[in-house]
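Structures follow.
Each of the next two complexes has chain A plus one more chain, namely chain B in the first and chain C in the second.
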Partner chain A sequence: MTQTTSSQAESRVMVQNRFSNVLQWIAVPAGTVVLIVAGSLLSPKFLTMSNATNVLINMSISGIIVVGMTFVFITRGMADLSVPATAAIGGILALGLGPALGTLPAALVGILAATAAGCVNGLLIGYARVNPVITTLAVGTIVLGTAQAFVGGVIVYGQDPQIKEFLTSRLFGVVPVIVLVFAAFAVAGHLLLSRTVLGRWSYAVGSNPDAAQASAVPVRRTKAAAFALTGGLAGLSGVLLGLTLQTARPAIGTGYEFNAITAVVVGGVSLLGGSGSVPRAMAGLLFVQVLTNIMVLQGVPTEPQGLAKGLLIAGAVALDVWLRNRGGAK
Partner chain B sequence: MNALRKIGDSSWFVELVRVRVLVILLATVVVASVTVQGFMDPGTIGLSLDRMSTIGLIAVGLTVLLIAGQLDLSGGAVLALAGIVTISLQASLGPGVAAAVGVLVGVVTGSLNGLLVVVLKINSLVATLASMLMVRAICHWATDSHPISGKDPFFGLFVSTALIGPLTFRTVLFGIAILLLWVWLSRTVSGRNLYAVGSNAVSATASGVRSNLYLFGGFVFASVMAAVAGTVQSLAVNTGSPAFGQTIVMTTIAAVVIGGTRLEGGRGSALGTLGGLLTIAFLVTAMEYQNVPAYVQDIVTGAILLLLIILDSAVSGKNHNLLTIAALKRRLGRNQTPPEGITQ
Partner chain C sequence: MSDTESSRVGNPVVLRMDGISKSFPGIRALITVDLEVRAGQVHAIVGENGAGKSTLMRILNGVYQPDEGKIELDGVVVRLTSPIEAKKHGIAMVYQELNLVPDLTVAENICLGATPAIGGFVRRGEQRAEAERVLSQLDAGVNPDDVVGTLSVSQQQIVEIAKAYRSQPRIVVLDEPTSSLSEHEVQAMFRLVRRLRDKGAAVIYISHRLREVLEIADQVTVLRDGRMIESRPIAGITTADMIRLMVGRELTDIFPKREVEIGDPVLKVSGLSRAGAFHDVEFEVRSGEILGMAGLVGAGRTEVARAIFGLDRSDSGTVTLDGQERTIQSPAEAVRTGIAYVPEDRKRDGLVQQMSIRDNITLAILPSLASAGWIRAGEQQRLAVEKATAMTVNPPVVDRNVDTLSGGNQQKVVLAKWLATKPRVLILDEPTRGVDVGAKSDIHHIIGDFVAQGTAVILISSELPEVIAVSDRILVLHEGAISAVLPRGSSEQDVMRAATGEVEQ
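Moving on to the complex of A and B:
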């Protein structure tokens, strides 16, 4: 008798678990589908090729950063607030050194400099175990200051319009090159996280650092790698942004850190570490971008969009916490 | 080499790190008074204190919240909204009542933050990021993204005119706030409870401290202080703008952390925060008098912040010895090579 009740209770828990799991997986894609249906009903311009491409181009720059931020979240690194600075130094160096070095070497220098800043973040957070928020804040301030000092505090203009045309030109007449770059990095990031040792280490470090340490997982190096990766990817985003705009202000990366955090959080990647994936973060990014796009098409002013975004973040995290408690998972 | 090891391990080195805020503050004052003519003038000091007071008021609230182990990114947006409310209601309610309503904005936003973090259990970094976006959106919405100016330019004058010697009203206000904070944190039971909540909220609850109440109260207090700062600032310039306070939270966090408060919670002090604020205020004033560009000021502030957090992590808790010279030498000696570089 008691056995039956306990097994009934167990099966109820299992059903609840399954429900939670399904809801976790289905919520964002289903929401996106609902948004797309709603968008196409609301505006005739929504389901057109040019609008879809627009959304994709807007996604690309943020998307590359989101890949790195996913690693930071999964390794329980809180968040990388130095993204605006690392993106700015990428863009500024790519344009500032362009005339002297040629566009591609200059872009490479920009990405390397951003990666170096990411490594400093990683060393301090991974090895010296300083709080990520304050570390990335301090390193970001220094890096941004250095970037501004490098150009004397003014706006840099690019002198290579060809690269701009190349990046926004359409390969096979459909997909802009910049979107392909983003797609390549998203796929690479996904494979790195799901198919390599570093990826497995990342999950181990995020879900239980002490257990990971005891299992001979290089906790420090894994955590540091997440920040180095984010630095490099933010640098790449800055380079792409600078090259497509052909101007780079020191404030070029402002807001990208919050955009990336929003996307990752809406995608259901937990701040508590250990769970989530690149595709889920991308789904979150797509959801936010489609929502923004619909609001823009509907003529909603920029300001209420912030309100919607804020509610979205709060709702997504509250749902994540609720599901975790309900599912009995950690 | 032995001499180096002695320095790293010696207790006076650790002691020096413990009072690092005082050391860095004294160093700033000495360097500034040597390089900048007239830096020690009461007028100059009063000016830098006056400019610091806005950040200082937010820092008082943030110190409490950081000790409780939480973070508030929404302070800058609350500052802007409180200023806008204060200025825009002046015509209908009169300047005094409008200012009071401006401060009340902080109660509302603080309760929102408390609701998100304490009730819905959202991480404070993300929760206050969300509320920052929302409050900033409301600021732009209410003003159509334009700065607004008040009806009575003379009402706010008292805020920034000298009250006691070279000290202005808002400097005195900040002084009283930090004094009360010091008394509360170091002399009362509830202040001590706050540290317990910040160190470990679960154990604090188990010991009979109502942790959630402290956390909720901390968010409301931090928001109210940001609203007070916003009200005072908007009165001083007779303007409310949705662009106010864009970067102020980062500067404030820097000042509080330079003062020895840790983001992990459970540690911090009012006097430390005062030291951090004074350091940044004097540093910025001195560099401005020397015509140092703003971005170089950022580099210097960032470097000091970085130096202090590294020193802090070096002398505290588990990481004791990790970054002392002797420990570094041991590490290098063992591995022959420095810790392996990070590859992508």
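Moving on to the complex of A and C:
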């Protein structure tokens, strides 16, 4: 008798859990659909091929950074604020060294330099346990200062228009190459997080660092890896941005850290670590990108746009904390 | 004495909880529970973990609302909708975890929440006088000017009770007040409890320590599986009776001892020291042997275990495994050399609550289940199911999150994780704390399996019956040093004497 009631109650809980899980999964994609409907009603330009491509290209540059930022969030590394600097150094080196080394080697040097900066972040945060916000701000400032010294405060122009053409050209006449590059990294990031040892370790470290440590998980290395990865990916983003624009200046990456954080948080990846996934972060990114696009098409000035994004991020973080507290109160 | 006891039995009923039921998703925590508490009595509530004690007390404190049933205070039906409401009705809770501000003085802590003040400025003289009054009423022997952080745990507990007593409550609930106290501190706590009782308060006393319940309580109520099993005067009942009522079985079933042939030494520790924690710790454990490690809270047992496992560093000393000296500086190295450690604090160090049973079981051996960093999912699943089944984890559905399991099943998952590493030495730190009696017996069967396979086991436990029942030898620590090594068959008194430093060896 008791058996039946308790198993009934149990299945009720499971249904409730499944329901709230489904709700968490569906909320952001559903919101995106609503936005798309609203956008197509508001502006005739919205549902055109050229606008969709525009959204996708914008999304690609941010999206590669979002992959790394997801790892940072999940390992409870708070956030990487050095992204604008690591992206800038990538772009500047790729264009600045291009004539001397050739475009691809120069791009590689740019990515490696950004990865090195990410490793410094990782060493300080993972091994020396310095606060991530302070560390990445400091490292970012140093890297940006170095970049400015390198270019002497002027804009670097690229000399390889073919690469620009290639990156923005459409494979099979539909998808721009840069979008494919982004998709490849998103899939790779998803597999890395969900199928590998490093991925499991990332969740364990973010969810309960003490238990992870006591279970022989290399906590410091895992945390450091998240920042090294983000450094490298931000560098890659900067390289792609520089190559498509064929210009780079130290401020090229400004705002990308905030875009990435907004996307990750809106996607429901917890700032408190241990939960979330790359697909969810991507859903968050798409939502933010579509929202931004609609505001641009409607001629909303930059300041209210910032206000909207700020409200979005504050709301998403508050919701995350609220859900966690409710979950923990049982 | 018996006169006063019988007169207390006739005291007026101050609290009546009538037909209280409460369900949570998945469990019926309380099923029509009745409770009658009289003024000027110490009323013990005993039961296994999960029996419903804390749910009942949370209802009394207004944290939860009952699904059914009513609460009467002095014969008047009340609705307790919040802890503030409960406090207004004269119900004071003293929880196990201390809620004191360590940087403030005793007086400031006692008056916290209702500090005497004019226009926001604290009236320090009045505050001190108020605290002094409460402390002297309780005969507490604590100086109101001391900073709380500098006091011992037992003194802090006294301050906590004084703080609760300040509003002259009718009912004082003490939740495991002696759990972190040593034997002689317990006596000081009892004096305070009797003082409260003699002042006319009804004291509800929740404890796992049944011998203490016999000593202090006038009335005992036994809960089991959310039901009230019995409520009766303490006179004439024994601890064995209480255990039988709590679990429906005998103590010998709880800590089964597997007879295993003891082999060669596996782990040798010598001269292990860390300033301020432990010094010159020296022992060996043999294959198939269970070495008990006893001592008071703070004697250094956990610190020694963590140092051997590489979680904390040690200043000096050597660890030898199977005759080979090892330097172990991280848990990863410890696991590689064949040492496993089931930590004291399961929530903090034992499990990653947000991960699945499967991921928790395989966490310590993940690299060995992967090719080039890529996890072989099928193999991981098979291994997790195998270990979960071997540990009788219920339910053995390994993709469930561990936080959906009961305490006992969570502990089995921790054991499964270490079983998977195939350890030569297994260190268990309070392996059955906070789990119900059924799971206790399961866990000891599992430990029996480990030693039968030749694993050397070190068992740290504060529960003396447990250490005595299963250990082949008992190492007793006192203030960071080994004070005795006792053979099998030693009594609780032998262990306590060594633990309190009454015998030096």
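We take it that the second predicted complex is superposed on the first by the 306 of 330 C-alpha atoms of A that agree within 3 Å, B and C clash if a C-alpha of one lies under 4 Å from a C-alpha of the other, contacts with A are read in each partner's own complex, and residues count from 1 in each chain.
Following the convention adopted for this analysis, contacts are C-beta pairs under 8 Å (C-beta built on N, C-alpha and C of every residue); 3 or more make two chains touch, one makes a residue touch a chain.
Nothing here was measured: the structure is a model prediction, and the numbers come from that model.
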Partner chain in contact with A:Ser40 - chain B first, chain C second, else both or neither = neither
Note = Larger residue footprint on chain A, choosing between chain B and chain C, goes to B
Key: First, second, both or neither for A:Thr53, with chain B first and chain C second   = neither
Request  = Check the residue A:Thr247 against both partner chains and state whether it touches chain B (first), chain C (second), both, or neither.
outcome  = neither
Inquiry  = Under the stated touch criterion, which partner chain does A:Arg195 make contact with: chain B (first), chain C (second), both, or neither?
reply    = second
Ask   = Now for A:Thr168: first (chain B), second (chain C), both, or neither, which partner does it touch?
value = neither
Query = Just chain B (first), just chain C (second), both, or neither: which does A:Thr146 touch?
reply = first
Task = For A:Asn208, decide between first (touching chain B), second (touching chain C), both and neither.
result = second
Ask   = A:Cys119 contacts which: chain B (first), chain C (second), both, neither?
value = first
Inquiry  = Output the chain A positions appearing in both contact lists, the one against chain B and the one against chain C.
reply    = none
Key: Touching residues (chain side chain A, partner chain B) in the complex   = 78-79, 115, 119, 122-124, 127-131, 133-135, 137-142, 144-146, 148-149, 153, 220-221, 224-225, 228-229, 232, 250, 258, 261-262, 265, 271-272, 301-307, 309-311, 313-314, 317-318, 321
Message = For the complex, give me every residue of chain C touching chain A.
response = 23-28, 309, 311, 330-332, 334-335, 341, 343, 348-355, 359, 363-364, 366-367, 370, 373-375, 377, 417
Key: chain A residues within the chain C interface of the complex   = 2, 5-6, 9-10, 12-13, 16, 195-198, 200-201, 203-204, 207-208, 210-218, 274-275, 330
Inquiry  = Quick check on the complex: what are the chain B residues that touch chain A?
reply    = 71, 116, 120-123, 125-127, 129-134, 136-138, 140-141, 145, 250, 253-254, 257, 262-264, 293-299, 301-303, 305-306, 309-310, 313-314, 318-319, 322-323, 339-344
